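Heads up, the next two complexes both have subunit A, just with different partners, subunit B and then subunit C.
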Partner chain A sequence: MRGILVIALVLAAGTLSAAENTEAKTVFKAWDVRVETGDETLGAYQVEIFYPKTTVKIVGVEGGEPETFRDAPRYDPKGLKGGRIILAAFTTDKKSAPKGTVRVARIHTSIEGKDTPEISAKVTTAGNIDGKKITITVRLSETKREKKGNKNEKTEE
Partner chain B sequence: MNNSADNQPDSAETERIARILKERAARLADRIPPEADRAVLAFIDDRARSIARAPRRARTVRWVAWAAAAALAAAVGVWTISGTRRSPAVPPVAEDIDHSGTVDILDAFLMARRLELDAEKPASWDLNRDGRVDGADVDLVAQKAVAVTKEGT
Partner chain C sequence: MRRPRNRETLVPLVAAVVVVAVLLVIAGCSPDRRGFSLSSPLAGGREPARPWETTGMSEELWVIEKSSGDMPRSRGDTEKPPSQGELRAKRGEKEIPLPLEHTDVKAQISAFVATVDVTQKYHNPYDTKIEAVYVFPLPQSAAVTEFVMTIGTRRIRAIIREREEAKKIYEEARRQGKVASLLTQERPNIFTQKVANIEPGKKIDINITYFNPLRYDNGEYEFVFPTVVGPRFNPPGSTGGVGAVPRGKAGRSGQKTEVQYLKPGERSGHDIAISVDVAAGVEIEKIYSPTHAVNVTPRGTNRAQVALSPMDAIPNKDFLLRYRVAGGTLKTALLTHRSKDENTFALVLHPPADMKDLPRMPREMVFVLDCSGSMHGMPIAKAKEAMRRCLRKLDENDTFQIIRFSDNASRLGSAPVPATKENLRRGLEYLDGLTSGGGTMMIEGIKAALDFPHDKEKLRIVSFMTDGYIGNETDILAAIEKKLGSARIFSFGVGSAVNRYLLERMAKIGRGAAAFVGLSEGAGAAVDQFYERASRPALAGVEIDWGRMKVNSTYPKSPPDLFVGRPVIITGHFQGTGKTIVHVKGRCGTEEKSYAIDVDLDGPGAEHQGISRIWARWKIAELSDTETHSPSVELKQEITDVSLRYGILSRYTAFLAVDSLSDTSGTHGVTVNVPVPVPDGVRYETTVEE
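Let's turn to the complex of A and B:
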């Protein structure tokens, strides 16, 4: 009887440990999507984001910092776990079209494993507020929250 | 443009030179042995004939060049036409508003700007076929722009 109890305890401990390990393997990270427009106003942008689909899933897409790009950009839900997502948005508001470095979106990811995945982005196209095609660059950086509940966020390149 | 034909004397000039040389040779005939005289005259005739043939050769070369160019043009034409036939014609995509060859957010942006300006909108922009061009059509274009199933965007 005592032997059976010991075996049961060992099995329970093993199960708990395995569950803990599985839980510890999933981390959530947010990524800022920033574009650099130089002296041009940003009227529209379209960027592609590539990520390893075996370990990364996008669990949320939110808008950017300037009011004109505050709404979540357009994307295809199929892109949330396919390894590639296209984000795009535009504004026709001439008065508040941003320029320079603009955080246009933020994506939230769940990542399996401890390694930081290779997530990259490239510009598909962009236009200024007058509809003229412009050249911009895109940059992805991990968003770090300083404290839980603190609205101020720190971004780490 | 200079070519070998331009550098050759024309046949009239050649004949004139030959005539002068023959006249001079006739004047000196009594002082020159007849064999030498015949040899010189034969040489002059031969040389005159070869010079007179030169422009004809140049014309022939020119014709060959033209024929080669025409053949090359025909070959390029055939190649282009056959190439077009091989690749299936790409149907125009209604959502490609700016005719850039791809549907992207700039197409939706262009539509939205035109809508805002209340400018004239082509009927072909009524993508959802509801009888009017409006924000719903812009949404369709934007949706297509970000679709990940398609390639090349």
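Let's turn to the complex of A and C:
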């Protein structure tokens, strides 16, 4: 039995070592997409996010913070190959349309290598709850986790 | 347990035993006389199962197996352990706690297109982290376009990627303890869902959306939602098929894809809810399900809400919903979708009504009956009932042959015989004597049906009567393509969860049509329609003049032959606006036929967003058909490109979602395959490899 345990520990150690090596290669990070609408209510938006396609892969698109933008935004699959993703969402709920600084989405990425990639965003178009075109700005920041677990995270600006 | 036969099998087996032992030691367990006996407290309720607690409850046996990943596997080699870590639960006749709790299906039907949302509700009833793996069916023509993973209130939309790349990222996320999910297509109608790192007690929902054109046959629309993959037979030596193994026996079949089946008397607790909102646009005359108990709530005359009765919620047979609309035979319909990149249309083309009046042609009917183990009982009885009815409809100008196949093929006589009273009596006797058992070597049936000289004076109709439970569909379709000649194939699916993909494709390649009969409905109506269709000449060599529509990239590339009572859908890109006239012409026997269709490209109700994705799905289907007989790197790339561009799942792509914020503790946990019941009417003993 002792012999078996020794072999098992050797096998386990080998597995851990291999895991550490691989872990250094790929990291998973999330990025918050925030828009600033000023005094306008946000009815719809379309933003483009640019990333280095050789090292960054988008692995998920999450919905935003307000209930009206909680559903995961849609993306245009055509843009994915070229190192950009176009996100869009809208709401028709006049009562709870958000305004000010709004986290409208979050993107999940896998990143090869140790360097922090340059990821940027720009607004394509936006409208208020009445369908009128509005000017907004967009910011992207890495989401930092506060603790272990799925739900507790905070954003590091 | 048999002894390992050689060094190659011994080494990995030892490694596997070591790892099993280590896992059990870590879990604080020790082997007893029954093996590694562990139990869970789940007998009385829904508390988390604790695989490593020994409570001495003899009715429950929990085993954890872990093996090295590169085990050699072969069919029937029972001493070889599974290739993945796996948690197994055996609870006698009781409900088995499994990670898939519920499937919720919400369909909306508009015109002839169904938009279907499928939510699979996963949970972890164990007290260790798991990866859930579920192999499930969808309609073969479904265009899967969306995939969202919900964790609590957070919704993460999956990204479509090349399959190998997506798999690699998923495996890495799984290894790092991230909650992740991966959806892949194994066949056009079989999919695998993986959900990694579900922590004990946690729930994760997976939502899949697809578009699906409805089948329309003899005045009725049919919505189909398959709920279970039937157990497939794979020819000896094959590895790329779909294996059927008992619950907890992962890796036994040696096939690339595997479905685990519950044993008789076991149930998983997984149930299904289905609701369908039918917006017919015209008055609904009749709406019913031939397979399930349903509650129908009319919403005016043109609309109805249909819900599956909770009493009929076991997912062990296809759900069928049929409805007939006012006005008898439907007129041609045109749907369009305009976008900045392209305009797409879908035209439902009905055959001319007067084709019914054409004289029937003398036929050489070749009936091919699947007598394999999966047809045992009700399915073969239904198939025989259908064949008897067909035989009785033949007249003396026709000839017929009956071929049976299972592990091999045999036939009534060396050549088709005239349908005289005496020959028909002999044929019926031969049919009565046929029994089921053994494998499904369909290739033998195809050779026997197509490899003999054709009587040029007669229309050769080959009718396959089968459940289609085979894993080597590509081989079969390629063989048909090669051997077809001038024959037409009319496939006849029999059973509660038929492999519709195979049957439809056989018919398409064979320039015929497919028909299906369930176990709970009489074969009469389906056979009569089938016979009528096979008897009359089709409108062949169809050519279409599109009028003022400038049309390109149509699929199918060549319009198929039109049969009485069965429209076809043609989809393509177009330029143009307003009204125009489309002219269709073709040959019916020796007669030239043509007819005109008025279409309005901007007419009310013409717009349908789903059309462009249906076009893409059909393009992928056509490229895949070509791939069955002429595979190439270019074709693979083209399928991949279309799939990525339109965001539609294909065999070369996958949907991937990773929650990069999740950090679950420990390693990736054990893999739990979701076992399913064998389809209603199918016997476990004759289909699942014990």
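Following the convention adopted for this analysis, the second predicted complex is superposed on the first by the 127 of 157 C-alpha atoms of A that agree within 3 Å, B and C clash if a C-alpha of one lies under 4 Å from a C-alpha of the other, contacts with A are read in each partner's own complex, and residues count from 1 in each chain.
Note that in this section a residue touches a chain if its C-beta (ideal position, glycine included) is under 8 Å from a C-beta of that chain, and two chains touch if they have at least 3 such contacts.
Predicted model only: the values in this text are computed from it and were never measured.
Peer 1: Touching A:K81, do we find subunit B (first), subunit C (second), both, or neither?
Peer 2: After superposing on A, A:K81 lies in contact with subunit C but is clear of subunit B.
Peer 1: Check whether A:Q46 is in contact with subunit B, with subunit C, with both or with neither, and answer first, second, both or neither.
Peer 2: first
Peer 1: Check whether A:T125 is in contact with subunit B, with subunit C, with both or with neither, and answer first, second, both or neither.
Peer 2: first
Peer 1: Now for A:E62: first (subunit B), second (subunit C), both, or neither, which partner does it touch?
Peer 2: second
Peer 1: Specify the partner with more touching residues on subunit A, choosing between subunit B and subunit C.
Peer 2: C
Peer 1: What is the contact status of A:T92 with respect to subunit B (first) and subunit C (second): first, second, both, or neither?
Peer 2: first
Peer 1: Look at A:T143 in the shared chain and tell me whether it touches subunit B only, subunit C only, both, or neither; answer first, second, both or neither.
Peer 2: The answer is second: A:T143 touches subunit C but not subunit B.
Peer 1: Check whether A:H108 is in contact with subunit B, with subunit C, with both or with neither, and answer first, second, both or neither.
Peer 2: After superposition on chain A, A:H108 lies in contact with subunit C alone.
Peer 1: Contacts for A:A72 in the overlay, against subunit B (first) and subunit C (second): which applies, first, second, both or neither?
Peer 2: A:A72: touches subunit C, not subunit B.
Peer 1: On subunit A, which stretch or stretches are contacted by subunit B in one complex as well as by subunit C in the other?
Peer 2: Of subunit A, residues 74-75, 78 contact subunit B in one complex and subunit C in the other.
Peer 1: Give every residue of subunit C touching subunit A within the complex, in rising order.
Peer 2: Per the stated touch rule, the residues are 15, 18-19, 21-22, 25, 148-149, 151-161, 165, 169, 172-173, 175-176, 178-180, 644-647, 656-663, 665.
Peer 1: Per the contact definition, I'd like the list of subunit A residues that touch subunit B in the complex.
Peer 2: For this pair, the touching residues of subunit A are 43-46, 48, 74-76, 78-79, 82, 84-90, 92, 124-125, 127, 131, 133.
Peer 1: In the complex, go through subunit A and note every residue touching subunit C.
Peer 2: Listed in rising order, the residues are 4-5, 7-8, 11-12, 19, 22-23, 26, 28-30, 57-63, 70-75, 77-78, 80-81, 108-110, 143, 145, 148-151, 153.
Peer 1: Mind listing the subunit B positions that touch subunit A in their complex?
Peer 2: Checking each residue of subunit B against subunit A gives 104-106, 108-110, 112-113, 116, 142-143, 145-149, 153.
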